[in-house]
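In the two complexes that follow, subunit A is the common piece, with subunit B as its partner first and subunit C second.
Showing the complex of A and B:
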């Protein structure tokens, strides 16, 4: 859309839309596999959306389409572990716990923002609920199959994840906003422990009821009927977190609250979780490493509210050096278009290796989302999700030239659609001026309040709050 | 499979026969020598129609009327069509209480049913007012029946089918109810203010939890009432949950207002989980999900709102229309030159914008056509109270949207009747309910045609076309 605004000379072709897994040969590129080093002059052969072979001078059937990647850098599609790119609504900010809700029922499959992200080489996102609630909704891991419907966008093999949030946002929305717990960081912990206890109790009663019911149905004359225990969606989801079926992604900033959650999770046996933002995580990096916790952070974004002042551009590097699996995320429809630059900053400040930096936007977030078996590196058997760059992607001069999802080219800079909106997304009655205003708003820069979207409508005197960043 | 049971429907002859003053004699009327256009678009001429007690007794060519029948009108300048059926509306119902009038609940996450907009126990007949101006407007526009429900939010109530007319007696108006509770109205309308649910995704979750709770209560009641009841504690009764049992048991459909294919898909997700049937009400083109709709036998009630063309298309078509008369006039020639200049100044970008918007506008105009072509069962809903606008919208979808006049008539009559499962309505045959419109003119859709009478439940309303 940025191109749509600025380039009058372009043809007004429409974007390619997703049509299903494809077969394609990417020929003679510098292949950055992420997990198995860099392979010069190498081909990547994708068959029906899955990488079948990686090697030099591969022979493929003559009818296979070929992308010449000579002098280009071929890397896995970028994965963003924190996004609100195309939600219908982001926050159900009326309750401190909303685990019963799922972002999978709030996906907008028509948003041009997906194309913008593809242009930055991104192929997979964690589409998250906002940070208004201590326990928010379940998230949706999406593949950016631009043009697919709300079901087709979903990364079917991905495990379920859920959003938690600590600190200022939930205490402000609920404690200060409506006078319900939590009002303080202590209260946040209490909310989590209480609902976890409720879920354990619920699960016990529900299982007991189901087995009594089964017994009654087998022998209705000999066994008395049970008192039904209704299925409780909220507690069932919480129970699944405790059982390890759902991965937690927790919005957090301060070291003390991060350690608090580590301790809570230790008590309940919850493992394999990720702290999102986590600007002070560097202070407790050894503790996180010991707990096996992940961190998904900004490279250098902070000071948008009080709890985010104690920050450093060395955060990711320190976490990484301490053995914490760390990713760099966007939480922004603008930043998502240059996550390669964000990763490069970790090299610039923290001095980590270029390979480790690229891992922070590919295989590391894949692990945090539980999808590293499918994406995040270029290996035989993984999805054909690829971005092709004009130069080393960590260079400020590098440009993403092509992005493939399931082997299909969904962004090609050479035939970049001037107006990348989907046909079905075009309004019959929006004026040109309105659209221009909307587009310039969208491309202007980092969006305010992405994480607190929809929450502010609930504040009666929110004018002051609305001016602050809220991630 | 799903939907078959309600589609067949059991037609109960409620309405006037059950009203307080059962001794009222329903009028016996007839028309002679008229043309009839049936709901399938076929026309028969020189027809005699006789109706009494709210039922059509005779439809035949050239016959005379029984002596007892009052001849309403006669002559071959008249056309009689089945009266329209509004498949889903809030006509005759009071305004909804606004969320702000309730204030913010003490527990925003768990407001009362009323505050959350969860009121599926409300039956429309508890408050339907046949003398309401919105019902009078329906009659003027040619509607003989309306499936009406309370105003409200997520689950405002159950819709019931009413005649648009009844008679006043010493004890008040006779009940215009034809059939009670044809389904549950559902809309993506949050509780408002600081109360759960406030988003579509939360409405989905709240709806599921309601049905889980209803399911457990239904089971508890059946255990309690069944054998071995002495073993089990009494259930906590709950009128709201209990009102949902027929939905849970697949006996009644969810009537869901949606404004996009995506929202329609979300409703179908609920229907799939709980195995009930759905009637969708929408002004959007749902043809992109046609296969899902046809596979689940989900019909669509289409709202006849005339959309406004984008300003630039409006201006262009005005210019085209004005051009011939103005070409001889010098001053207006200057005007049109000026306008031409404006068009010339368009950037390539805006040209491209217009090209795509023109396609979107064509798609909007063709929404109904696309749905019919995709094999979706389409009826009508949502008449908003202005007869002239409604008829203009019908003509719009005919002239600009490529839908034939007979297709429109069946959408408004027999299709809506079939979707609601009230198949004694929507046609002019012997034994049908006497719901008809008497029109002066040969083409019911034409601007020159005028409605003389709307007949509903056999009662005749003279329509004042001014």
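Showing the complex of A and C:
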């Protein structure tokens, strides 16, 4: 009965909401810097959301609030390089290329899933478009500033990234679903090469036009007006990819398609890209290392579809041993709650060191998102994004006790609200999400990655078509 | 290309094909690499029997597929060939048991022809999982090398999904794997709520659907009860009749003879209460509730009804309004209220994560000891096989594993697994791909 009293007692407590960068001293913890080793009995002093000093027995002004981390483990906030945590919709599955779209326009700032991720120590996510299209929308790198609006959630310093997708998902949605190329992996490569060629051609013409236009505007009487070349946002985005202004994060599984994209990017000079999921990346680890490509993988998901049947939970360890910068991601609102546990699986399956495993959920994904200058380790000058654990975060018995974003405590286990929703318009009784429905989906066969959300409408027509053809 | 060159080219082609075939066969041979059988003595090992105190530096003897001896440093007299295993630095546990999976039934979720867990139709008690268990499923070795030695393979679809079978994760035929092919008949309790955000039915339609489904359940069980009574009368000679064969009703009879449990999949608080109310009128059945994601809300009623449950830990919250840790806590809250809890992954290819579900449950209130029971002796008791599985005791099946530390810890490593006394090769697709590709020749 105590349980009920306790939980209902907390029901009306509100979660802490983001109010901007804070100043705080985290005192006397075992500090896992990730990049500079473990520092026992060490303080981390965060001033206005930025780490100002790390050391023992730091003296700070008396008005600074202090978190006692004695016997606790202090580590950087976890970074998830693959998430659809709080998208309003995930897939604009209407064309094989939708680079003109941005997921920034599809963020639910009230989603309680953000709080549940904070409770697992996560502070930054790559909020991605789905994998229905070969070239999907631009993604949004978010800080989990719970309570901020969709603009406040943006990681302002982060470079733009974009979602690509190879293999079964785009070929099912487009080729199989609506009869539009690509139906095959051959078609996938052509979609990329063709749009890249179009973008180069467009960029040349557009730049030419713009300079002619400028010349005309300078001397309207001497120069004739140029024929306009209309602005094409889709091709401008593609052009920015080729110029290196946008980082590619590519959903992929099979070794052959991974190598295909490496070759395409070599041809067009695209660098610093990341393969997402990449279940067969271990097969081409030397090629990825040579190309300087990154991999962001599941710890152990496999066999839910054919292209992940020849998988191994040793994937991350093999990539790491071959020198590929590798992160462990969630792609799931459940796994994101315990990415520390997912990282520990890389120690189990492949025997990498504990430090290397923690790097896979901190500094490595930070590099993949181009934000390692700001987050991913505890260093002076970096953001005050921190999680504080009851024990070694790789232990199954470790509990995340506190999560800070920009120095503000946004999750505190000692005082957290039982109902952490910001928007409570939906009553308790209406809010049940049937586990059975989830479970039965799982057992019928987990058929898709989370990144196929909203592509189902097209799928259904696709499978009907397929049935018609079969008979 | 001249003829000679062409034929050489073809010859080379054939050589490539042969090499590939040979290589492939070799790989397959590794998957079914034969386990060792015989008499084993594991020495200097810390024994965690579950049903008794831990024995530090003890001895376990495995003989004829069963546990022959369990003791502290006393070495029993053994005759014949004995394989000795040094257990120093290791712990020995009974194999873990997952009570609701689709292991062996489903191979690749998205490839419909490889999915055998969901039969057509609404009432399918006569569909027995065991017959469709594929002993060659690639997921089976992947699961057992992580210490899970037994699962219930269970059908999923319709109202009465079918009969789930308790199996060993080793054997060349479903029969060889079988512990109890009629462990339980699984039914999906009709939900009185929306099935998800996509459920567009009106409140009155939901209520109507629910009532109809409940009527269907009542009619089914009343019919089955009458059918069973009729056959009992025929079998005892009180009734002279030759009724038509009815496979569905024959299957249902196993519920009334207590050979099979009725496993009710139910999650929502309101639905659990409704199922409990219904169960009160079915005192001739042995119940198990499965899923029970909101079991913590009605833990006392579940305990009072003495209905064992199958629950999981690593799922999202049932309601956005729920405390973030509720899924981790659910099993422990029920156990602490006195409910007999078994833990499950409710999974297929990642049933190997069962120890981690137990670890999370342990951390969030259940405690290590109770969580260990929830993956060993509790499921063994629930399925009526505590004489065979679930603890390290003389006479039980030698389903055991050796681990270099705490079995719930993610970073622990399993050294050895025994199933029915067979020392299982620690090989799976995942280890094989690791071996082939970790130090791949980068020039090829």
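Everything that follows uses one rule, which is that the second predicted complex is superposed on the first by the 419 of 471 C-alpha atoms of A that agree within 3 Å, B and C clash if a C-alpha of one lies under 4 Å from a C-alpha of the other, contacts with A are read in each partner's own complex, and residues count from 1 in each chain.
Throughout what follows, contacts are C-beta pairs under 8 Å (C-beta built on N, C-alpha and C of every residue); 3 or more make two chains touch, one makes a residue touch a chain.
Because the structure is predicted, anything quoted here is derived from the model rather than measured.
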Worksheet item: On subunit A, which partner touches more residues: subunit B or subunit C?
Response: C
Discussion item. On the A-aligned overlay, A:177 touches which partner chain: subunit B = first, subunit C = second, or both, or neither?
Written reply: first
Worksheet item: For A:96, is the partner it touches subunit B (first), subunit C (second), both, or none of the two (neither)?
Response: first
Discussion item. Looking at A:134, would you say it contacts subunit B, subunit C, both, or neither? Reply first, second, both or neither.
Written reply: neither
Worksheet item: Between subunit B (first) and subunit C (second), which, if any, makes contact with A:305: first, second, both or neither?
Response: second
Discussion item. For A:338, using the defined touch cut-off, is the partner it touches subunit B, subunit C, both, or neither? Pick first, second, both or neither.
Written reply: second
Discussion item. With both complexes overlaid on chain A, does A:418 touch subunit B (first), subunit C (second), both or neither?
Written reply: both
Discussion item. For A:230 in the superposed arrangement: first (subunit B), second (subunit C), both or neither?
Written reply: first
Worksheet item: Which parts of subunit A are in contact with subunit B and also with subunit C?
Response: 4, 418-419, 421, 424, 426, 428-432, 435
Discussion item. Could you list, by residue number, the parts of subunit A that touch subunit C in their complex?
Written reply: 1, 3-4, 7, 10-11, 112-113, 115-116, 119, 168, 282-283, 285-287, 300-306, 309-314, 317-318, 321, 333-334, 337-338, 341, 344-345, 347-350, 354, 394-399, 416, 418-421, 424, 426, 428-440, 442-448
Item to complete: Using the touch rule from the top, collect the residues of subunit B that touch subunit A in their complex.
Response: 104, 107-110, 191, 193-202, 204-205, 208-209, 212-213, 215-217, 219-220, 223, 226-228, 231-233, 262, 265-266, 269, 288, 307-311, 347-350, 352-357, 359-361, 363-364
Fill in: subunit A residues within the subunit B interface of the complex
4-5, 8-9, 12, 88-89, 91-98, 100-103, 105-110, 137, 149-151, 177-178, 180, 220-221, 224-234, 418-419, 421, 423-424, 426-432, 435, 454, 457-458
Item to complete: Would you tell me which residues of subunit C are touching subunit A in their complex?
Response: 102, 106-112, 115, 117-118, 138-139, 156-157, 188, 191, 193-197, 265-268, 291, 293-294, 296-297, 299-300, 314-325, 333, 346-350, 352-353, 356, 359-360, 362-364, 406, 408-413, 429-434, 437-438, 440, 442
